[in-house]
């Protein structure tokens, strides 16, 4: 069965290693913070200028001057630091953030990603996404495998304006975990109960399936 | 002698010299750390044809959004339209000229403008619409695009505390784009929550050295929250 | 789990991995704010063929000068030779390769290296020997030269206080090149006067965020003064 | 009579305006800080990272962590700020420093300056001088008019490696105050008791003398 948003987030969190600096985009990526394995520590970077982002505030802690990159009110953890946005993107662009997780409209077999506009229809703007995909060491895309019309979002070539080229290394969808390499998607894991055939059917771009593809494990 | 006392006592004095078709660089991220009173006074002044450089354009009825309402902005240089319906509508209709710029590139363009660096190279935006028409150059085998810096006729900045010399500190994440904006204005105006005497701020904790600042005004702030999200105490 | 605790307990651990022919970026200005213990240990390690990037090269018998004494440095990238007789002598004899770099350009090259900016333009050095062989480009009618960024295999940094996560603050003008050096090392090692617990430093006062720092070691410092100048009390 | 170092510094200080941010080089320029007119305030920038430099410390105030760009121990004034060297040169390069005063080996009628090396003989390095002459709004050179061999340091074209091109606007020597414009030195003031003829004789580069040239006034 296709994963819920929370389950995708749980699977994302298993990609984290102890000591990772992590930037989480708006939506499902943000949820991953709730599922960090208990035996490791990660530190969250918020690109407006906060390293060491904490949970949402209680009513008593609420502070208009303390927000994250999604403009939500947040807190900071012990040992956090706060800085300006040029410094924040120096960190990002300079490759000091270990993992970036973000959503997308489309990805393709070349590791390209489109996430910031649909011509004539929707212009959200790229925000920090173009910098993040150009700078982070390890970029994970989370999204549903297909759109609501059942059309695949994993393509041979993106059709929408790009956010970055040749940068996506891993994709975690409601159906599968995939690696992007050598001009193809490589199927690594299936969602529990989802068949390889279903994944093949919903993956428009070149997909390589080798051997038995295991089901995802949720070890939290 | 006036020396280094930069305090002005009216918004009219704070924005004296601002006229039609000028470029304004504004600090702030969303509604966080925005110079509310200066923005309100720009609306009152009625200047138009403005180019505004700011990560966002406020919301429909607050922050820089109020200048969109009045059609005072000719061109926005920003990274994020987001949920500002008026912004998106004026963009899609072509009424507003918009130069969408990646957030990190925007921050760096302001910094470079203030730092006398006319252009720099970044991998951000290479191969995307942002890179179209820009020079591409390889360094160590990776392609980068050249981005030019930005300066403004005015910079408007929101500080937590400013001393009378113009030294500023920002509070929490209200820092955001303010320090870079402060460096990039021909005339930089700081609206502060509190104006303090020189020496009140620790020299090692100052985020914006007063050399960048021309005028300081005491503001009052609503500090509207764009997305209030809380957790219950037990969690 | 180790988490974000970056404290090491020996200079050997602090500099593990440093080997011949590597590039080291060093903080400090003159003898102010230099990682004394790390420099001393580099001498002890005996590594040679080093490229050292630092504004100065210490004095004859202290700071980076001790690595010149031992002929461990193949190339210096610095802005100032000044009164270091050994430096000047090795330079004039051709024994030491020297890339004299304007102080501001050097600071910016380190910052750019850490910030993922491979090159930038500056007016500094245009028309001088520094500009020779570099690309010249006009912006707004003024000529600028292109300067490429610098990164190092190691960066060695001297902090006043560092927390165990690697967040650093510097004391007074001992800040100088240290924050930029900290960003530009593949492995950045901080030698601190004092190591404190996370949370001891105000998040808004941190000069170097811990994300740039790989190792933190407790140092001891002589803090030699290069030019002691005082005034009598009456003045 | 030729001015003493202190008198040159006194004349330099008269160039300052109330509210100026000023960077003073090593040597005579540094002395100018002692002669700032009492009815104005200036703030001194030291390029290692200090805005609001104060006087030398007393023995009790001495601090190894508090030095100026000449590596001398200093203090800071009330309202000072301290920052890193990249920030310091952002100020300088970005044109935020109003006046820079520095010494030189040679200057020429094109506003070029040479101050950092004598090939084969002396290499001090440029330190911050190249950034300062490229960035400040108003650049004043102080030096003796001629070297110890009596040879002019004001030339048609510098012979030594340059520090900057087309940047010097004013020269204050032991003999005169001169402006650099339109490919010539323009004599503005004479040191008390120094004749126009002596200045002409000791100025190798094209010198323009118009009308009566007044003697310097020391109004401190």
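The letters A, B, C and D name the chains in turn, as written, and every chain counts its residues from 1.
Here is the rule we go by: a residue touches a chain if its C-beta (ideal position, glycine included) is under 8 Å from a C-beta of that chain, and two chains touch if they have at least 3 such contacts.
Here the structure is a predicted model, which is why all the values come from computation and not from measurement.
S.K.: Would you mind checking the shortest number of contact hops between subunit A and subunit C?
M.R.: Minimum step count, subunit A to subunit C: 1.
S.K.: Between B-D and C-D, which chain pair is linked by more C-beta pairs in contact?
M.R.: C-D
S.K.: Comparing centres built from CA atoms, which chain ends up most distant from subunit B?
M.R.: Chain centre farthest from subunit B's centre: D.
S.K.: List the centre-to-centre spacing of subunit A and subunit D in whole Å, with centres computed as mean CA coordinates.
M.R.: 55
S.K.: Indicate the whole-number Å distance between the mean C-alpha point of subunit B and the mean C-alpha point of subunit D.
M.R.: From the centre of subunit B to the centre of subunit D is 36 Å.
S.K.: Calculate how many whole Å lie between the centre of subunit A and the centre of subunit B, each centre taken as the average of the chain's C-alpha atoms.
M.R.: Those two chain centres are 28 Å apart.
S.K.: Listing for subunit D: what residues touch at least two other chains?
M.R.: 82-83, 89-90, 92-93, 134-135
S.K.: Find every residue in subunit B that makes contact with two or more other chains and list them.
M.R.: Residues 108, 111, 115-117, 122-123, 170-172, 175, 203-204, 207.
S.K.: Graph of touching chains, which shape: line, ring, star, complete, other?
M.R.: Looks like something else, not a line, ring, star or complete graph.
S.K.: Name the touching chain pairs, would you?
M.R.: Chains touch in the following pairs: A-B, A-C, B-C, B-D, C-D.
S.K.: Inside the complex, what are the residues of subunit A that reach subunit B?
M.R.: It is residues 46-50, 55-59, 62-68, 70-74, 82-86, 88-89, 92-93, 112, 120, 123-131, 134-135, 161-166 of subunit A that touch subunit B.
S.K.: If we count contacts the way the header does, which residues on subunit C are in touch with subunit A in the complex?
M.R.: Touch residues, subunit C against subunit A: 1-4, 111, 113-117, 163-165, 167, 183, 198-199, 201, 203-204, 206, 209-212.
S.K.: Would you mind writing out the residues of subunit B in touch with subunit A in their complex?
M.R.: Residue positions touching the partner: 29-33, 55, 78-82, 88, 91-92, 100, 102-105, 107-108, 110-111, 122-130, 160, 170-180, 207, 223-233, 235.
S.K.: Within the complex, which stretch of subunit B touches subunit C?
M.R.: It is residues 108, 112, 115-123, 137, 139-140, 142, 144, 148, 169-172, 175, 202-205, 207 of subunit B that touch subunit C.
S.K.: Where on subunit A is subunit C touching in the complex?
M.R.: Counting only subunit A, the residues touching subunit C are 18-19, 21, 39-41, 43, 45, 51-52, 76, 78-83, 87, 89-97, 134-135.
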